[in-house]
Amino acid sequence: MNRSLHTIAAVVLMTAAAPSAVAQEAAQEIRIVLPEQPANLEPCGTIITNVGQILSQNVVESLTVIDPNSGQPQPKLATEWTSVDPTTWRIKLREGVKFQDGTELNADAVVFSINRMISGKLTCSNIAKFGDAKLTLTPVDKLTVEIKSDRPEPIMPTLLSVVMIVSPKTPVDQAVNDPVGTGPFTLSTFSPRTVVLDAFDGYWGNKPQITKATYVWRPESSIRAAMVETGEADLTPSIAIQDASNPETDFAYLNSETTAIRIDAAEPPLDDLRVRKALNLAIDWEGLAQLFGDDVKRASQMVVSGINGHDDALEPWPYDPEEAKKLIEEARAAGVAVDTEIKLIGRNGIYPNGAEAMEAMMTMWQDAGLNVKLTMLDVADWLRYLQKPFPAERGPNLLQMMHDNNKGDAAFTVPIFYRSSGSYSTLADPAFDKQIDEALAATGEARTNSFKAIFGKARNEVVADIPMFHMIGYTRVGTRLEWKPDITTNSEIPLANIAIKD
Amino acid sequence: MTIITPDIKPAAVPGSGRVLFAYLKRDRLALAAAIFLAIVVIAAVLGPWLVGDAASRLGLRQRNLAPFSLASGWIYVLGADTLGRPILARLIVGAQNTFGIAAAAVFASMLVGGTLGLIAGYSERWYSHLILRLADVVMSFPSLLLALIVLYTLGPSITNLVIVLAVTRMPIYLRTARAEVLELRERMFVSAARAMGAKPARIIIRHIAPLVLPTLVTISAIDFATVILSESALSFLGLGIQPPDFTWGAMVANGRGYLATAWWIAFWPGLAIMLTTLSLNILSNWARTLADPQQRWRLQTLRKAAR
Amino acid sequence: MSNATILKVEGLTVDFLSDDQPVRAVDDVSFHVSRGETLVILGESGSGKSVSTSTVMDLVDCPPGDIVAGSCLFDGVELSGLGAEARRSINGRRIAMIFQDPLAYLNPVYTVGRQIEEVYESHGAESGKGARAKTIELLRRVGIPEPQNRVDFYPHQFSGGQRQRVMIAMAIALKPDILIADEPTTALDVSVQAQILDLLRDLQRETGMALIMITHDLEVAASMADRIIVMNGGKVVETGIAREVFSNPQHPYTRRLIAALPHGNAAEAPNRRSTAIAGETLLKVEHLTKHYELASGAFSSKRTFKAVDDISFEVRRGETLGIVGESGSGKSSVARMLLGLNAPSAGKAVFAGENIFDMNGKRLMAFRRKVQMVFQDPYGSMNPRMRVYSIISEPWVIHRDILPKDRWKARVAELLELVGLLPEHAERYPHQFSGGQRQRIAIARALASEPELIVCDEAVSALDVSIQAQVIDLLADLRTRLGLSYIFITHDLPIVRHFADRIMVMKDGRIVEEGQTAALFGAPRHDYTQSLLQAVPQPKWLTQAQ
Amino acid sequence: MISYLGRRASHSILSVIGLLTLVFFLTRLTGDPSALYLPLDSTAEARAAFARLNGLDQPIHWQFLGYLRDLLQLDFGESLRQNRSAMQVALEAFPETLKLAVVAITLSTALAILVGSLAAARPGSIFDRIASLVSLVGASAPDFWVAIVGILIFAVGLGLLPTSGTGSWAHWIMPTFVLMLRPFGLLVQVVRGTMLSALASPYIKTARAKGLPRQKIIFGHALRNSLLPVVTVAGDLATSLVNGAVVVESIFGWPGIGKLMIDSIIQRDFAVVQSTILVTATAIFILNIAIDLLYAVLDPRIRY
């Protein structure tokens, strides 16, 4: 009796309060328009941009997060970590965290999540960051987990930023589209039109100001920009440079992507150092930069500043067409077949204005006296040239590529590109391999310096590639919102960081 | 429309160039269309020789230069594209690929589709049925998607583009040719040839094909327009012609990102496509009027008798 | 018969505008018609007879038509320059019109009932049930069986004669003052033609309407006309009381026309030989049969249609066999089988000692040289894209051994001269010739392979009367000069009468009567033959006299 | 009639099977999907595991036999991309396109019939010339170009319509308009042409001789007879509407099957490609049969 009275009173109160609550809530809802429909919402695929931008730190959370400025791992679901020995790390978990289905976060849940990732029973993109390392998980106590790997893993805390912790009730052998994590938002709708996230009341951290986020997708940049302009959407994470025309709403951010051309150093005439240098010198970098916007940064190496191992002092190649022509003549004089047709392999849609850039570079190299011919390929065909094993009879080729290292450490870059075993590498220099192996095993200051040395060698002595630019992304943020993009925006848009102006 | 066909023989049989030109002069729209097409064809033939260099020369200082300014030279009168290349020069050079691809595709589909249609129409053997089923398969599948799959399989080169466009347009010719043959093979001159002992091959080639051809050519004029549009749609989806080669369709597709900021990049090639297809349509309308004895008078100078 | 003139056309001149030069279709034509009277406008194709009546009905589109001068006074009202509404109240209500080809002139997608009801409704005479009842009544009147059911049929579900009856019903629905009939029986078989003409006469008697009948057929004209005007080249060349015009034509053109008319007197057949031909047998046909399987529905068993049902006959060398029959009698199927265009269901045809249906390869080719065909439609039987030279020389391309190539040109010229054309015609296209000339080219082509037998399938039916006679003369001449044999297939009795040595009458795929021409015409034994002979229209003044 | 339908259906099923076979082998020739589904830095081991997991390690003819076997059990496979039944993905998208296509083709046909017959009623008039020009321009404009310009003008410039997406009726206006352009343009030409020849036909002469009012002659007699070729062309256009739908759907964010097909081809999501083809091809065959039946309704001379 008494109890039902209470209930009635509560209902009445709630009803009375409802209008204002609804009104307020309406104001706390935002719409985000993405360039692409997320294929699925499997938390194991958050390193894929369109999945990560919805799920990461919103629905599911990782053990650590990377600080965009320093590149160092910061606590998230893990509060502290210690290296017991070179192959073992001990992770301490946050207390009092609940999954959205009510389950508690504990060591078992973390072990479950990581085991699910490495089980091989479902396609897990995130696990690729660990390479071929074998991990063994042990719960030490309720909130402590021990991770063992089969070889030293000095950057384990950094790697843990891709480990998304999911509820132990998640199926082990099957990818899901209804992830349950510990984040401040729960997934309420996933349809071919839209994804809707609702605030999760039981969140362990600070309650975000936003109560509901709706995600839609449009492939055309101009339309995304228009949607924010007309107020149909509040935020779009990436628009083309030409659409970023309004300084009040459009923000540029260094997006951790580095564009480059890989020189196939194994194929003549590209096996000649003079030709490789000439390729770097023949480009009108200032002119080319106009394609990507004023804020774009000329690159001298394959990682952006803020990543451990980036060398700020390394100078990018200048534009010196005379020198380039001279080098080519020298090579010709030395008997190098500089007139051989060189294939410039571009990829459709790799980044905005990518095809234009290739056309421009082709023309510049032709002006320098090289016989460069552009071929634009679709992703799958392009991949055959990017990755080993390379196609037989590939011939001398230059490959358009873009590298995205937002994981804080050059270890995600150097071995793939420069070690002879690296899947993108065309080099075969045992001395360089040894130098790389040493750097990977090093820690602290020594690690940083070794990587700097490697980038220096790649730039000056090997000239294995043509670094182009550290790319800029543009977001358009509606005037209603208080938010600025940063280097992590390509992989996550934490709704908790978005404030609504009054 | 004439309800009564005058019981007189047509005064002039359209056919000779002079007569055709006389008819053309009387339809100003068709004349304009013909002149436009002639200019474009001349541009397509001579373009690369005239302005080939300008079309591929980078002018990063002239990026997205607005049109109607002669400050950078007459060649920039229509503005410049994202790499600062003059749009006028690119239009002229692009005409060659645009027309070349469309013409090759239309010709190939007319030839193959027409031949298959002749066979399927004249013969009732098993291969006629096979041909028809194949046409069904192609027809029952949206052409753009077929094009995509084939281009993904074969890789986007100009040759493959032509093949794909030809294959997707082929059923039109096949069906039309077959329908005509079904009618023609019952005509008396075909019976006469058969009674004379003519072999099927001779009947098809000598008697039926020449009569089917005009219809197919009429269709091809409109199809030419369709192919140009399909090619541009493929470019929009990233599978059309690949840089550094370009067509008008590819120019529109590349410029679409700049419609809000530099409209001219996509506008001029779009206008060129539209005017070309419009001209082809107008001319084929004109040809249809000319071919129809009941409508031909519309293209004639009508002079009344003195009262 | 009232003498009140209801329509008076005066000085009508109509041009068709064409490139630079208007073409005069009707030139200063005047005529008038009274209630109850039948006026026949007689003329060959291109004479302007249809244009003049279409102008009265306002069916000529201007442009390209151009009414240069003239007045049409209908019941005291000047028709030219009448407003659309006033015009509409006359068309269909006061003046009605029927046309040559009712299948084309009836809207194929509406039931005949609907199309007749429309007349009542659009003139505000009747609507709904009333219109339907009247329509059924009307259909009964024009002789459609079971009108209450057939009213919901579509035009294609009627026979040709019935369709013309429907057209007539539609025209007389509102009891018009004038009925214009434009070649109403041209496409019909003789027996059906007779019925339609009877119907028109009866209706005219009942309603007292004026009838303007346009025809190219002198017999039809003679059987219907009270008065007649003869047109040629857009001009009226002769006008007068029918009987007088026929018995005493004034204008040379009329005289020529009437001379071409086959006369009742069989003795005057110049192209027929009086004696029976006693040559060897060239072609012997035995038990020839052609069955067609009709498309079967889901629940009905297959039906077979016997186009040709077990016929046997023979043709002697030098003989002309006439095969006479109405449409659907199977006469054309016989021709197509003999030419190897269709395969027979059963039977054989022995030509020069060998069954042609068993031939193939070389022998068939040899046979094809020996038997040629001349088709009905001189417009359709020649490839419009080929020059006359290519058309005539085609047999030599196919049969390489007939003539060495260097002699083709000379031989084409010879053949053209043989059929009465000029050698320089070889460079022209078929459309540059008139119908009669084209048929001459077709004959030249048939002669090119030096045949022994020529099958003529309705070879002169599509031609104007005066031209028909010329072509028949040519065929007869060639017969004597080249010793040819003919199978001459036609629906038109008078024509074979003057040309064939022997006649075979076909009906429903069977031979009903066969015999020497004179005997058959003199004393037809079979009912069908008799009715065919009787169906030939007789002059009105003769029937009235009776 | 029934035997006709049976024959048509069996032809259709044969064609669909042919199509599916063709597409099966063609798509498998386009390359290994693992490159697209796994991050660039995945190990060879992970790639092999991926291939094994999705049955891509089998020889292609075994894959095909497996596909056929599953097909017989109405199992259309799993989407690689979306982690769910491929047929479910296709069937979810299909109605969205269907709705748009039905509205577009109905409206454009109706409008084209009106404009085309009015133009044919007075050939050479100002209306005729304008209608011809407008319709030809409509048929000649690249649709993606019109779509983007439309958004820039009506949504951004004037703020009258939403830029894209689904929801209210206002969301329908621009996609429908863009999709209608080409069918409308072509159909006006067809209607005008067939109307001109219908108006020159003998039965129209009869109707005039009967004294029928002008509207009745044009709309009652001429138009009714012109409908047959119009239906044929409209049917073909409806088939190719999926082409336009690809562009419209991707620009306006309309979650239809055209966009799905393109995406799944680009993503090598084979099971979805097959399912979307099965769905659209079936729809097109049903459409074709419906058109044949419509012929019989429109023309009493046609009986099957």
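Lettered A, B, C and D in written order, each chain numbered from 1.
Criterion: a contact is a pair of C-beta atoms (placed from the backbone, for glycine too) under 8 Å apart; a residue touches a chain by one contact, two chains touch by 3 or more.
Here is each chain with its UniProt name: A = Peptide/nickel transport system substrate-binding protein; B, D = Peptide/nickel transport system permease protein; C = Peptide/nickel transport system ATP-binding protein.
Owing to the predicted nature of the structure, the values given are computational and were not obtained by experimental measurement.
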{"item": "Chain pair with the higher count of C-beta pairs in contact (C-D, B-C)", "value": "B-C"}
{"item": "Between chain B and chain C, centroid-to-centroid distance (C-alpha), Å", "value": "44"}
{"item": "Intercentroid distance (Cα basis), chain B paired with chain A, Å", "value": "46"}
{"item": "Rounded Å distance, chain A centre to chain C centre (Cα mean)", "value": "86"}
{"item": "Multi-chain contact sites of chain C, meaning residues that touch two or more partners", "value": "59"}
{"item": "Touching two or more other chains - residue numbers and ranges from chain D", "value": "30-31, 148, 152, 156, 205, 208, 266"}
{"item": "Shared interface positions of chain A, touching two or more other chains", "value": "220, 222, 226, 378, 380-381"}
{"item": "Pairs of chains in contact (touch as defined earlier), listed by label", "value": "A-B, A-D, B-C, B-D, C-D"}
{"item": "In the complex with chain C, residue positions of chain D that touch it", "value": "1-3, 201-203, 205-214, 216, 221, 224-225, 298-301"}
{"item": "Complex interface listing, chain C residues touching chain B", "value": "15-25, 45-48, 50-51, 54, 59-61, 63-66, 68-69, 336, 339-341, 364-365, 368-369, 371-373, 375-377, 380-386, 394-395, 397-399, 431, 442, 445, 449"}
{"item": "Of all residues in chain D, those that touch chain A in their complex", "value": "30-33, 35-43, 45-46, 49-50, 53, 81-84, 92-93, 96, 148, 151-152, 155-156, 159, 162-166, 250-253, 255, 260, 263, 266-268"}
{"item": "Chain A partner contacts - residues on chain B that touch it in the complex", "value": "56-58, 60-61, 63-64, 82-83, 152, 155-156, 238-239, 242-244, 254, 256-262"}
{"item": "Complex contacts: residues of chain C adjacent to chain D", "value": "57-59, 84, 87-93, 96-97, 99, 101, 104-111, 118-119, 122-123, 154, 156, 167, 170, 297-298"}
